[in-house]
Amino acid sequence: MKKLMLTSALGAAALVVTGAAASAATLDDVKAKGFVQCGVSQGLPGFSNPDADGNWSGLDVDLCRGIAAAIFGDGDAVKFTPLSAKERFTALQSGEIDVLSRNTTWTMSRDTQLGLNFAGVNYYDGQGFMIRTSMEINSALELSGASICTNTGTTTELNVADYFRANNMDYELVAFEKADEVVAAYDAGRCDVYTTDASGLYAQRLKLTDPGEHKVLPEIISKEPLGPVVRQGDDQWFNIVKWVHIATVNAEELGITMDNVDEMMAGDNPSVKRLLGSEGEFGAAIGLDNDWAAKVIKAVGNYGEIFDRNVGPDTPLGIARGVNALWTKGGLMYGPPIR
Amino acid sequence: MAEIHSAADIAYVRREMLPEQEAPGSSRGVVAWFRESLFSSIPYTILTLFCLYLLWVIVPPILSFLIGSAVWTGTDRAVCATEAQGGIQPNGWFGACWAYVGDYANQFIYGRYPNVEQWRVNIVGVLFFGGLAGLLIPSVPYKRENIIFLSIVFPIAALILLTGGDIAVDGLYIPLAVLAVLALVVTYAFAKLSDSDPLPGLKNVAALFIGLFVLLFILGFDFGLMHVETEMWGGLLVTLVIAVTGIAASLPVGIALALGRRSALPIVRFFSIVFIEFWRGVPLITVLFMSSVMLPLFLPEGVSFDKLLRALIGVALFSSAYMAEVVRGGLQALPKGQYEGAMALGLNWGQMMRMIILPQALKLVIPGIVNTFIGLFKDTTLVLIIGLFDFLGQIQSSYSDPTWASPVQAMTGYAFAAIMYWVFCFSMSRYSMFMERKLDTGHKR
Amino acid sequence: MAVTDATGNGSGESAPKVALLNNPEIRGWVFQIILAILVVYLAYTGWANMNANLRAAGIASGWGFLGTNAGFAISQSLIEYSQASSTYGRVYIVGLLNTLAVAFVGIIFATIIGFIVGVARLSKNWLVSRLATVYVETLRNIPLLLQIFIWYFGVLRLLPQPRQGFDFGPLGLLNNRGYFAPKPVWGEGGIFIVYAFIAACVIAWGVGRWAHKRQMATGQIFPSFLFGLGVIVLLPLATFLALGAPLTWDIPEMGGFRPSGGMTIIPEYIAMLVALSTYTASFIAEIVRAGILAVNRGQTEAASALGLRNGPTLRLVIIPQALRIIIPPLTSQYLNLTKNSSLAVAIAYPELTSVFAGTALNQTGQAVEIISLTMLTYLTISLVTSLFMNWYNNRVALVER
């Protein structure tokens, strides 16, 4: 009996060390293990959501697939770790994941105090309010005295506080740990208002009993640039994540799509050739092959394709491009040149 | 009384017994039972009527929801929504949507475990429940073999089947070899210093390490199974993995702690008490928070645990403190004579515990262990707060599926969860009571 | 593990002459020193790793955050709290008070329900005892978290929207934003009523002691319970009237979204309270039943032989003896209830785990400080409760002669 216990205890101890080892050079680790470990949400339609078979899809998921494609040429060489708002930064800090792509707002304190780096913005969001149509309210300024449901652990809680304070309005905050419970409580009538990032509102509205009875108010009360996050102190990996996103944006601007990559590569446009690697040695500078961007586009398409596929007007979410359009079309998506 | 009184007065004493009388009609039969147990006095009658009213208020709506108005078949939300909500049911309808539960049954049991690989989970389930049944039913023979199976073969088999095996253990061979040499040296030195024959000790240690090397080899062996990450696990699978691992890990640790707490060695006792009281004094949810956000910070850079494994560590630490107290109860229940008898036979502390005390004490606390397990089984629901999908968590997460979204969906899910948990826990508690009665006979003092 | 390891090495065959390590005392110390070194080493490694990790990741640490402005709102607070100016330290206190508020009231309800159900299980009325059994077996075999969800979402669905809510007039309003009760507003001199109440309690206690002594000495009975009750009710009441009834009620009124004014009892609190007290009551019921059954039947018979009626038998003979058996497990149920109140994090009741280990942790990111402080707080509550209950237990324990 005694020996059995000892054996099982040591066995358990041995298991403990099976976790992935993360060191300074994330790219080497990723190459060694053969996949990218990507932190995503626990289920937010359009951004990172698993289907019934456990396949992930969404805007944030496609970014991870793009990174995997840039490294391995295979958009499926990626594993997803669903994380709560609370766990997400610890998971990245401890090396459990390589990149966090989980509709995370870029703020100064997060960028500077948590040992993290934001590698760009793949969705410009802002916090909005959702209410029942039957309430006959058309502006957030009429919400004084309302009960407001939201998640803890996000910037939304502080934004709503600032907004109501600035407008001298009173409110009751009901803050839940998980998004599913916020939706359930709002649906059950606990709150008049549900607030989170506008994109989240559109996504969560699909989960309500009767989505048609709810509307999103026009006011956007905060800036929520959402983007991928990496650990501080590994510039190579930081660059890879940053440029994978930029490549998708530039590809849209240059008219490169998933289908015409090969044609474009053979074309004459020098910008296209530099991006797709038929000219110059830009891939080598970040430790990848020169056709890294071509692999990304082949796997997930350009930014416009990613957007339309996951959250665009033809999806259940039906979000317009708005500020997420290219800078040439009046939006904020602006990719630095590759040269 | 009156008879005795009168006997003294008139000097008459009855000589023969009176003929036996019929039992009074009012104390037999159905009517009498009703009178006796329901309407024996005015307050009782009021109480009975009140209870009947309570039953009338509570039971019919529940039955109507669960059975009467329930929907058993269907393919989407339309069958479980009223016309006003865009469905086919008449307005005002309120019933359980079992069709939704049926549609999701697979996910409730396996989580997102790939469909084609679910046979692996099934095998683990059969091995576990088969082994457990053999262990729990007193009349089944081969208990010893069964324990060895459940404590050695089963965990390894389950680990490999569930994860897919082929675990990266290459880096562990050399540290283990160093450890083995070290242990052999220490054993030898210890035996020499205590003037005893080093051979048996060396043999034991060598056997242990050979076993560990074999274990490492098996864990690292590629059986050709697909790797399934724990993120894909969910539902009943996760609930059982957490509860069973928690209880299995807490048993040895709990025994060690219980022995430590009753030890004569002050430092050992101090550490044991601090450990036990600390974990017993804090809520499980803070332990889970700790293991999910704080534990990663305590590990050396570069080492990280799987999320499920972190929760398991938290649960195991927590339940081992409770287990320690259960075992301590068993140790205290043994008469002092057992200890004294063992010592009189010249057994040392280890032999006394192994051969005399623990076998008796552990037998005594089987009901307590089962009760701890029931508690743990219920407490596994808490892992949904840290974002793991246990049975309840999986049910909750299915609420976000628009295919089945309807006002009765959540109620149905919760009702289903409640029924399932109830069946599990109630049968376990009955088993614990059965064992208690069975074990009771030998230990009347 | 360490324990078995040492015995494994130490199970040496009995040696004829006593070597150094065969001296059990020395052996014990060697073992203990090894253990202590191991524990200290582990603790040190963990600590060093943590510091290294925090430094490497550039995460802020220290307790400075307790003094900074929190900036978020809390839906229930027993003390003054404003999102504009209150600090994280204040958030901690608000959370702690909310925990205590639900735990304390929950304990009272759980005890009452538990005693009623426990006694009902022993009732000779078949229906009553069966109902009590069903209650116990149902509630304690379903996870508490699930019960909390059921109560919470059940309560929310059952209660109407604020505009269609129940209006009890002067008794307040009830809807799915909570129960809005009238709030007493004390005028001039209200504090004297509190003084009067304290004085009444002291008097009642003194008279009770005196009556007890006199009964012990002379056998004369003084109705000290009735007297005490009378003093506690009448003295504050008299003071209240003498001061000219300085009390007005702030009665809640329906506002735009939810009623304003009065005191609010939020639905999360109601759901937590109901779930905690009914769940714990099912355990207390079993404890009470076991306690009463454990009192020897001869005690009842002896009491009736002495001519005691049913009430005094229960009050003077059965309950004092049953209490001795009931109190230790009852203590652990109270502690369980307090610890279980942390499950409120799932339904947004703003108690310690929810606002401090939840929101505050997420806003500051200082996991180590916040989780440690939270755990230490629960530990302190647990230890204080057990100390108090041990003290009480010692008081009622049988004095063996």
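Chains: A, B and C, in written order; residue numbering restarts at 1 for each.
Simple rule for what comes next: a residue touches a chain if its C-beta (ideal position, glycine included) is under 8 Å from a C-beta of that chain, and two chains touch if they have at least 3 such contacts.
Only a predicted model underlies this, so the values are computations on that prediction, with no experimental measurement involved.
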| item | value |
| --- | --- |
| Distance-maximising chain from chain C - centres being C-alpha averages | A |
| Two chains joined by the most C-beta pairs in contact, as defined above | B-C |
| Mean-CA-position distance for chain C and chain A (Å) | 42 |
| Inter-chain centre distance, chain B versus chain C - centres from mean C-alpha coordinates, in Å | 25 |
| Centre distance in Å when chain A and chain B are each reduced to the mean of their C-alpha atoms | 39 |
| Chain B, residues touching no fewer than two other chains | 204, 252-253, 289, 293, 296-297, 299, 301, 350, 354, 384-385, 396, 407, 410 |
| Sites on chain C at which at least two other chains make contact | 1, 4, 7-8, 53, 56, 153, 157, 345-346, 361, 367 |
| Chain A residues counted as touching two or more neighbouring chains | 2-3, 5-6, 9-10, 86, 90, 93-94, 177-178, 181, 184 |
| Chain A residues touching chain C - in the complex, by the definition given at the top | 2-3, 5-6, 9-10, 85-86, 89-90, 93-94, 112-116, 143-147, 152-154, 157-158, 160-162, 165, 171-178, 181, 184-185, 188-190, 192, 231-233 |
| Contacting residues of chain B [partner chain A, same complex] | 85-86, 107, 112, 114-115, 148, 151-152, 155-156, 159, 167-169, 171-172, 176, 204, 207-208, 211-212, 215-216, 219, 229, 231-232, 248-249, 252-253, 255, 289, 292-293, 296-297, 299, 301-307, 309, 350, 354, 358, 384-387, 396-397, 399-400, 402, 405-407, 410 |
| Residue numbers on chain A that touch chain B, as the complex places them | 1-12, 14-23, 42-43, 50, 52-54, 79-84, 86-87, 90-91, 93-96, 177-178, 180-181, 183-184, 206-211, 316 |
| Interface residues, chain C side, partner chain B - complex | 1-4, 7-15, 17, 19-22, 24, 27-29, 31-33, 35-36, 39, 45-46, 49-50, 52-54, 56, 123-128, 131, 137-138, 140-146, 149-150, 153-154, 157, 335, 339-340, 342-343, 345-346, 353, 357, 361, 367-368, 371, 374-375, 378-379, 382-383 |
| Residues of chain C that touch chain A when the two form their complex | 1, 4-5, 7-8, 53, 56-60, 71-75, 83-84, 153, 156-157, 161, 176-177, 255-258, 260, 266-268, 345-348, 350, 354, 358-359, 361-363, 365, 367 |
